[in-house]
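Input: structures, listed below.
Below, subunit A partners subunit B and then partners subunit C, in two separate complexes.
Right, the complex of A and B next:
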């Protein structure tokens, strides 16, 4: 297991370096940040001054060399737009994204596993059909529309919750609820499908023959065997969430990493883009290790 | 039973939230579309920064009256006088203090300009002085001579664009702006909110608003909803689709002018008849009340009607597809290849429904025989087509753009858009260059007359572009406030202009 994780770590480190090179040069291809930082009628002198102040007038390879040198010293440079350290801006945003992703994914995992497993156990029954319809609708729900409708209903008409923002725990309910819907719909279907296969295995018949009750059969015997594909999808969905939830962040004014990244790309704030991608990549790399560990715990064949 | 308990808990919770949202009845919340990257006063001409800082935290020497017809008004300068030879003398207001307690004097003004022109930072307001050298002589604490080379007849107006900071302010962007304005920044939580508190030691009349909290939401429906839900009091820049409440939603000319920039050097638009045909092919009225909000006005100049020298005798080109076809046929007969491709380049999210507007324009041009196509691009790519040097193309490109001038004088527009050396100009005409030079150097009635002549020449004689619309802005204002947005609301939102009913 340790060997597996260290192999993964080395591979991830190499990907990280590849990403650094790729993002550095690709972002530079998008054009000149001076044209966006300064107003359209700014003089050439002002633009030249902005480039010089931010080292954008140097040859590209020299810029890259300096960036790598600073990066090795954990210095991600200054945000061109915000005139403060890029990593500070990114970590500030990540401090919002991480709890949002963690809380949402925890709720998604619990709800989808329980409901998916129960639906599979009652296959063809009313509960199964209900879960199937709900999950299908949820998996294909447009979150932009749901977010706006949720605001209109719960914040404006009913006045139960605030429309947007992050001031109190109440502010988190709508973003989490909207963010919950799609991964829930998807994972519940995978759990159901995977459980259907597991429940038809001979050991389930044996357990039933021995008089084991339904709930232990589902949650003790079968679930563990059905979890491998589920964990893969959970990992995929969690990675998407760690990248930020742009639409939810934009609508609810949630100051997370997704909106920051999009804004920084559009405004050519190179250092913030790079810092955000690096931090996100590290988070996803750590999550992948957790998933590998989970695989190992669930399936001894992987562990050995 | 459990459901009932949850419902009860929900209802109790909704009651619990209400006190948290409540605020003193003279505190207000403003919800803006864009977060502020910087809060440095020298960046206050950038609209999202200006709405928070300009004349609230930081003040300028002069101020343009956008509500009445007082023209240029005193602010930190009590009076100014043209001493000749390019020198203006400003008499500063005595007894003014900054929010850090230091006293305002002429050295602060000099330092504020030193920052604007510093090579250690890039301040936006420097662009207004691109070809002007300013030198400052501090006569005494309240008297300052400013010499401009070449002479700058609108120097007092330009003073309305530079905010004054204390002379101790470092030559780098600050995060705790200090100003002489009626408010001081008490909190800035990046990504979340900015809070301004009213100062007790402000030199002028105390405004009614005691505290202003600025929030940032990019979705117009959410901004409008926040005012409806009582979470905010002012939501600028909402869209026509969500502005459905006559009691709270205001529409006003927002100083933006939408036009198609023509490159007069390219074929086929180098021919006057082709440019006239472009103008005659467009049914401007059809856009208003459909894809553009009611109240949008047809443009006859690059600047809104409130600008000096605006020419009331000009009228928008009539929609006349037959005339357009005839003009094109005449040009074709004279050897102009009118079948060359014309690409309209428009920017996504430039203004609400920009895509629909651009698609309709392409359709209208093609109906009279142009070979037009549309390319929608992001802001960065748009800038490459909009500003010189223009990329090569087979045929030509028409850039759909929006220009903002709420500064009161055409000088802020005409050089850039029409001079042969203007960054976004498609014109190369000695008479235009001469009129711009003379109008920029003139004062008073002569200045107004020259600008007026230039507007007519550009619009009727050389048909330099396809002027389309003076746009309207829509803002939602809580019914508890006594406040009407103006043409300046795009650039600034003076809290001292807000009252309570």
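Right, the complex of A and C next:
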């Protein structure tokens, strides 16, 4: 188990390094930040000064060397826009995205596992059909559209909830609800499919022949076996959320990492983009290790 | 209403499948009392498990549907009870064990928990269940029960897993135990142990035992009465001895007649030219020794059986000879040429001459290829017989040679029965006109009546075409009928070798003696005598 996880960790670290290289050079291809950042009538002198100030006049390789060195100290330089350390700006945004992702995924996981498992147990029945239709609609609904319609209904027409921003718990309801829909639809379907397979497994027959009640058969005997493919999808969806829900955060004016990233890209705020990408990568890296541990905890055959 | 503890009366069950309705069982009746052992005997697809599944309420409904009949337990119709009432009976009053304990135990929970759950599911406190679990593990002969409770099913051997299943089933001292092919996946010596354990436990608890099996030997060893099923119907029932010695129904007669191990023993003709020779082959996987100094010779037209239990290295031997596996040391010669040093192109030529037939034709035949494609594929690989018409004619010939017909060529494997599929696999091997066919448990998965036919077919090919056979098997009866020479393997080593006659009549190595003693004879009297002898010796 420890060996498995350390192997995975090393592989992930290598890809993290690859990402470091890739991101740096790709971001230098999108245009000159001096031209974008300074007013359109800025003199060449001002631009040169700006470049010198931010180390943009150095040879590319030297810029990269510095960047790697700084990365190892978790120093991503100053945000060009906000005149503060980039890492600070990013971590601040993460402080919003992390709870949003955590709350949403917790709700998604609980709801989809319970509904998917029960649907599989009543396969072909009314409840199963209902869950199948709802999950199909949820999995295919475009979130930008849902977000806007939700604002129109709940914020404008009914005036129950604020349209955007943060501040009160009420502000969280719409972003969470909209973010919930798609992963929920997807994971319900995976749980249902995986449970269908597991419910026809021979050990379920044994449990029934033992006289075990239905609920423990579903949630104790079968679910744990059915969780392995589900964990993979949960990890995938959680990673997408850690990346920042760009559209949802933008629509709801939610100051998370997704919104920060898109803003920084539009403003050529390299340091923030780099910091955001690397911090996100580290977060996903940590989450993958969590998933590997979850695999091991669920299935003793992986552990031994 | 009868006085039997459990009675199945006029049960009919249909399965509604995509290909139409299948009458799984029709009008089946049997009954059992405490202390009795009833065997339900039948081949695959005979519906022998269906009535037991109906008793346990584990039929999948749909596709199954109970059309008619009643199942009485202590005079109460189980089929008229609520699910909750039946749940309370399952495990506590009537328990069941299954064929493949690895897949019937939950892979992600410790076995101790799974056994204890039998008790907690019926309202016993956890502390009591834990204590009793240790007793049970002790009783069924699992070493170090304190350690074993925390282990998972995959950490036990096949025989131990079945012991665990038995411990679980007997936790609440049920009145009836239903055992569905409990020893089919086990080696003969382990099978003997498990059957002996079941008998002891039955004597201790006085439970009734319903044994579902396809194996006449198991019936002879353990049952009092037998119900013979064919195509969903009971064709005959009675005491085991009566049914064996005076079978009334044609099907029972055929079944008993095809039991292996009764035919004339073959002898090897002397002075046949040498075909294959292996010298001191060794192969290890990590710390596991699969082959240790294995040497053998095989002459043209000879049928050499390699006998041994699982893990004895039989299949590795075949794979090493075919160079599907590289031996660590040793040598092998095919008609004097060094097999292990051969160039890839020369090896391709030899591989045409040595063909293999595997255990499970369902898995060894590509389901997306038609029979014609399956049989003719070897010609593509070896660039033989480019002419299409000639190919079609030859495929037709081959199909007829193995007892199928020409119009089968366009069909796909799933349209055939297990025995027919194995015939296709044999036709595929024959297409390349091999000089040696390696059969790796080639008849193990087949029903006895079909097994007998396939053995007869192989024997016929050997006689008419002079093909040699390396016949890997664990079933001694089949080996006795087919081979002229036998090699006995244990833990990667050859422990005994000799003419079939000698191995079966005067085995010298203790392991061979144990194997032969553990093999079950279909004759209940022979089995009874052996039991007497064994107790006298003990």
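In this text, the second predicted complex is superposed on the first by the 304 of 304 C-alpha atoms of A that agree within 3 Å, B and C clash if a C-alpha of one lies under 4 Å from a C-alpha of the other, contacts with A are read in each partner's own complex, and residues count from 1 in each chain.
Note that contacts are C-beta pairs under 8 Å (C-beta built on N, C-alpha and C of every residue); 3 or more make two chains touch, one makes a residue touch a chain.
Model, not experiment: these values are computed from the prediction.
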Overlay on subunit A: subunit C relative to subunit B, clash or fit: fit
Touching partner for A:165 - first (subunit B), second (subunit C), both, neither: first
Touched partner set for A:140, first subunit B, second subunit C, both or neither: neither
Contacts of A:210 with subunit B and subunit C, given as first, second, both or neither: second
Subunit B versus subunit C as contact partner of A:122, first or second or both or neither: neither
First, second, both or neither for A:301, with subunit B first and subunit C second: second
Subunit A: partner with more touched residues, subunit B or subunit C: B
Which superposed partner A:200 touches (first subunit B, second subunit C, both, neither): second
Closest approach of subunit C to subunit B (Cα atoms, Å): 28
Residues of subunit A that lie at the interface with subunit B and also at the interface with subunit C: none
Contact footprint of subunit C on subunit A as seen in their complex: 200-203, 205-213, 216, 221, 224-225, 298-301, 304
Contacting residues of subunit A [partner subunit B, same complex]: 30-31, 35-43, 45-46, 49-50, 53, 79, 81-84, 89, 92-93, 96, 148, 151-152, 155-156, 158-168, 170, 250-253, 255, 259-260, 266, 268
Subunit A-touching residues of subunit C, taken from the complex the two chains share: 56-58, 60, 87-92, 95-96, 98, 100, 103-110, 117-118, 121-122, 152, 154-155, 165, 168
Sites on subunit B touched by subunit A in the complex: 10-11, 13-14, 17-18, 20-21, 37-38, 40, 45-46, 119-122, 124, 126-127, 130, 172-173, 175, 190-192, 215-219, 221-222, 225-226, 228-229, 231, 378-381, 383-384, 386-387, 412, 416, 423-424
